[in-house]
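Down below are the structures I want you to see.
Two complexes, one shared chain (chain A), two partners (chain B, chain C).
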Partner chain A sequence: MSKNSRLLLAALAVVVIAGLIVIPMNFNRYGLYILSQWAVMTIAAMGLNLTLGYAGQVSLAQGAFVGIGAYGAAILTSHGWPLIAALGLVIVICFIVGWLLGYPALRVQHHYLAFVTLAFSTLAFLVFRNESWMTNGIYGISNIPRPEIFGFPTRKPLPFYYLCLGSLALVTLAMWWLIRSPWGRAFMALRENPIRAQSLGIDTRRYTLMAFAIGSVLGGIAGVLYAPLTQYVDPVPFNLQLSLDLLMMVIVGGAGFMLGPFLGAMIAVLLPEWLRVAEGYYLMLYALAVIALLIYSPTGILGILDRYLSSRRTQAASALRAAAQSKLEAAQ
Partner chain B sequence: MSNLLDLIVAGLATGAIYALVAVGFTLLWQTSQTINFAQGEFVMLPAFLMLAVMHLGAPFWLAVLVGVLLSTLLLGLAFKMLLVDPMLRHGVLPLAIATMALAIGIKEAVKQFFSAEASPFPSIVPVGDVSILGRAISLQSLGVLAVAILAVVGLTTLLNRTSLGHQMQAAAQNPTVARIIGVPVERMILLTFLINAVLVALASLLITPIYLAKFSSGEVLGQAAFIAAIVGGFNQVRGAIAGGLLIGVVDNLAAAYVSTQYRAAVPMVLLILVILFRPQGLLGRAEERTV
Partner chain C sequence: MTAVLDVRDVKKSFGGITAVDGVSFDVQEGEILGLIGPNGCGKSTLFNCILGQLVPSAGEVRVDGKLVTGQRPAELNRLGVSRTFQLLQVFPKLSVRDNLILAGQEHRGSMMSRLFGPSDAGLTETADQMIGFFKLEHLADEPAGGLSYGQQKLLDAAMAFMGGPRLVLLDEPAGGVNPTMLGDLKERLIAINRERRATFVVIEHNMEFVMSLCSRVMVMAEGKVLAIGKPDEIRANPAVVEAYLGH
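And now, the complex of A and B:
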């Protein structure tokens, strides 16, 4: 990337971030709720993007980890724990469960792996629904308190939105660092060619488990924010559909692209809201839009951009080559 | 004991329907690497097509005929031409995601254009009980079982005994060689999509009288069919049949003997165990690992 375009990109990022901070200030309660939900779902989708997009392991269990996080936060904060302590415990639990869920990935791949994780999703849903002593069953847990961050109460929608946005920023930075670290390269090596990765001395076993564990932790973090956002947790939002939706977000946005989950979550959370003018037809239109996009670009929205950029690079390169060629011929 | 027999017969009947759906599912996988996440919705839709034709005043038999024809066109031809063909060369995952979106689309369309309520659906097999060895057995279960077995026997005969079936199998197993020896591979793949459409229409016809026609009924059915296909063997028609019957019986027994709350967990646990210890399925062949 040239220096100019990098500057342009940085300027664009600043504008978008400033927009995300300033514009929602005069949003109503519902608008802020939807935007907060977008931030939360983006965190969960980033986790899945690590597992699927970077490490190449299909998972249909991300929704279950959002559920574990949400129930963890709901149960612990209703018992008087601070949210940050609940977050710590949820991170530990999701890391361990995610690590264990990675074990089938050592044996089976692709669609088989998808179905193992799908089964895990369904089992987690059954536990949320049936273990009433812990989760209050189908009645759910209500009146979940919103936390105080450094003494600032986040009971109002706007401060809570900023909490979600801030968390999203932190997670994004951590992810950005992770992808550029040797670990990130190991994950990508795992996706591109596991056997070659192994012969280069990468412990594929450990990195496969790690990809699941870290991805699951991000799902758990999203859940910890989800509980105080809705202030009510019941089993229904954490059924298999959430895992399918998260997978759709990752693919539609562009799997393996840093910004893919942001766009994917935007399509999945915001597009249905914008389509509400179409009333009962909005989910149908949404489904059609997703199908049309995938037919046009199976690598998602960022895939279109990627193709455009690389074709421009090829053009630029061939122009240079042509110029060099004619110079060479003139010299001869 | 009589209870146990009833449970097994009823389980076999629903299992036979799962088997039909699972066979279609494995056929699509074998010939074109399509994982159809909308398979359950494919079963839900034909019943509504038939109900729509009946609303226009057509008699039941005509509605069934038109419904099967329409679903062959929509779920067979249109599905392949409009969705699978353009996406197939981009790999398994985008296509699978697209079928997930298709599932949402079909569900919402039915909810919007027909009804969000469950509607009753006439049975093609007689309802009532029949006495066998002094024991009352549901006639509907037996009828469903008989129709499903006929369909499966017909299909396996087609696949194993006719030249057309051999061509289809060749196209599925090794498209390149099949093409060299003159098998019209493209036409064979299209044929499997049409067969899948007929199978789901038949399953729809059999299961809707039992569980009513509802826009959301495809979710459970689709999942049962996936599990059946994997437990039995993803790359074998007979595996899918065995898996379907097994899941039907296990599901019914689990509801009676384990707990109604965790009945849905039993097939899942079975699925996880099979994938971990015998990933090729109970009757399947191991798939070669590609590097």
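And now, the complex of A and C:
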């Protein structure tokens, strides 16, 4: 990437971040709720993007981890735990459960793995619904308190939105670090060619389990924010539908691209809101938009950008070659 | 002196077919052993048994005197055994440089230290040296999938050397490579063999390439060792001529 385009990108990032901070100050309660939900879902989708987009392991269980996080936060904060402590415990639980869920991936891949993770998703939903002693069953848990962060209460929608946005920023930084570390390279090797990866000393078993564990932790973190956002959890939002939605966010945004989940979550969370003018038809329009996008670009929105950039690079390279050629001919 | 690679009575059967039938040989430090034989004679299966991709039905494999039979490929690689594949095996979406860094990174520190260490695992310089050595400088930042077949073959070979291996098994490195590039490849292999005392076993069908590169040649037929010796002895061996070289 040239220096100019790097600068342009940095400027764009600053504008977007400033926009995300300043513009919502004028939003009403509902607008802030939707935007907070976007931030939360982006975190969950980033987790799945690691497992699926970078490490190439199909999972239909990400929604279950959001559920584990949400129930963990709801139960613990209702018992007087601070949210940050609940977060700590949820991270540990999701890491362990995600690690264990990775074991089937060492034996089966692709659609078989999808079925195994789908079964886990169903199992988690049944636990949320049936273990009423812990989860209060179909009645759910209400009056979930919103936390105080360094003494600042986040009960009002705007501060809570900033909490979600700040968490998203931290998770993004951590993710960026992970992807550009040697681990990120190993995850991609796992996706592109596990046999060759093994022959280069890459412990594919350990990296597969790690991809599941870390991806699941991000699902859990999203859940920990989800509970105080809605201030009420019941089993329904965490059924298979959520896992499918998260999968769609990753694919539509562009699997294996750092910013894919941001766009994917935007489309999944915000587009239905914008399409509400179409009233009863909005779901149909929404479905058509997604189908059209995936026919046009199976690699998602960022796939379009990626192809555009690489074709421009090819053009630039052939222009250089042509120039060198004509110089050479002139010299002869 | 213990052999770098010592293979004893290795057998591998798939159902009723015995692909490798009691093969024994050893390779001394700094040697380049050629492995030739007709298609389906068990060369690649033997490679896979040595490298842990397959577990032998019987027999023993030792590296530097250490028993490694049935160890997983990643563990073997960290012991200093590296390989290339018959079919192209680079990571197409990673850049040439990242392919090479990836090929060396697991030899640096522990998994945890790599996570918190530098993003290139301190290998950019080594990778760039290797890129220069294989004359791929102008392609260092290109995704490996965009390289020509011959260039990918060179990259594939370069990747096998990133971990500083003691023993490298090359499965048809010359297949589909044009003559100019083939000369380059041979020159590079000989240089690495001399400078780094790396030991090679090479499967190859290109006779000229094998006979000029290797210090010894082993001929396999129907899962067994037919002959082993210096290139000239092999050329003159009537059984080999009958089974493989043709009249």
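Following the convention adopted for this analysis, the second predicted complex is superposed on the first by the 332 of 332 C-alpha atoms of A that agree within 3 Å, B and C clash if a C-alpha of one lies under 4 Å from a C-alpha of the other, contacts with A are read in each partner's own complex, and residues count from 1 in each chain.
Methods note: contacts are C-beta pairs under 8 Å (C-beta built on N, C-alpha and C of every residue); 3 or more make two chains touch, one makes a residue touch a chain.
Since this is a predicted model, take the numbers as computed values, not measurements.
Chain B and chain C, once both complexes are superposed via chain A, fit side by side. Which of chain B and chain C touches more residues of chain A: that partner is B. By the document's definition of touching, of the two partners only chain B reaches A:287; chain C does not. In the superposed model, A:298 lies in contact with chain B only, and not with chain C.
Of the two partner chains placed by superposition, chain B and chain C are both touched by A:195.
When both complexes are overlaid on chain A, the residue A:244 reaches chain B alone and has no touch with chain C.
Shared-chain residue A:181: touches chain C; no touch with chain B.
Shared-chain residue A:203: touches chain C; no touch with chain B.
Here chain B and chain C sit at a least CA-CA distance of 9 Å once the structures share a frame through chain A.
Looking at chain A, you'll find residues 193, 195 touch chain B in one structure and chain C in the other. Residue ranges of chain A in contact with chain C, taken from their complex: 178, 180-183, 185-186, 188-189, 192-193, 195-204, 206. Put simply, chain A touches chain B in their complex at residues 58, 104, 107-108, 110-112, 114-116, 118-120, 122-123, 126, 129-130, 193, 195, 240, 244, 247-248, 251-252, 280-281, 283-284, 286-288, 290-291, 294-295, 298-299.
Of all residues in chain C, only 51, 53, 72-74, 77-78, 82-83, 85, 89-94, 98, 101-103, 105-108, 111, 114-117, 119-121, 159, 162-163 touch chain A in the complex they form. The touching residues of chain B, counted against chain A in their complex, run 35, 37, 83, 86-87, 90-98, 100-102, 104-105, 108-109, 111-112, 219, 223, 226-227, 230, 234, 261-262, 264-265, 268-269, 271-272, 275-276, 279, 291.
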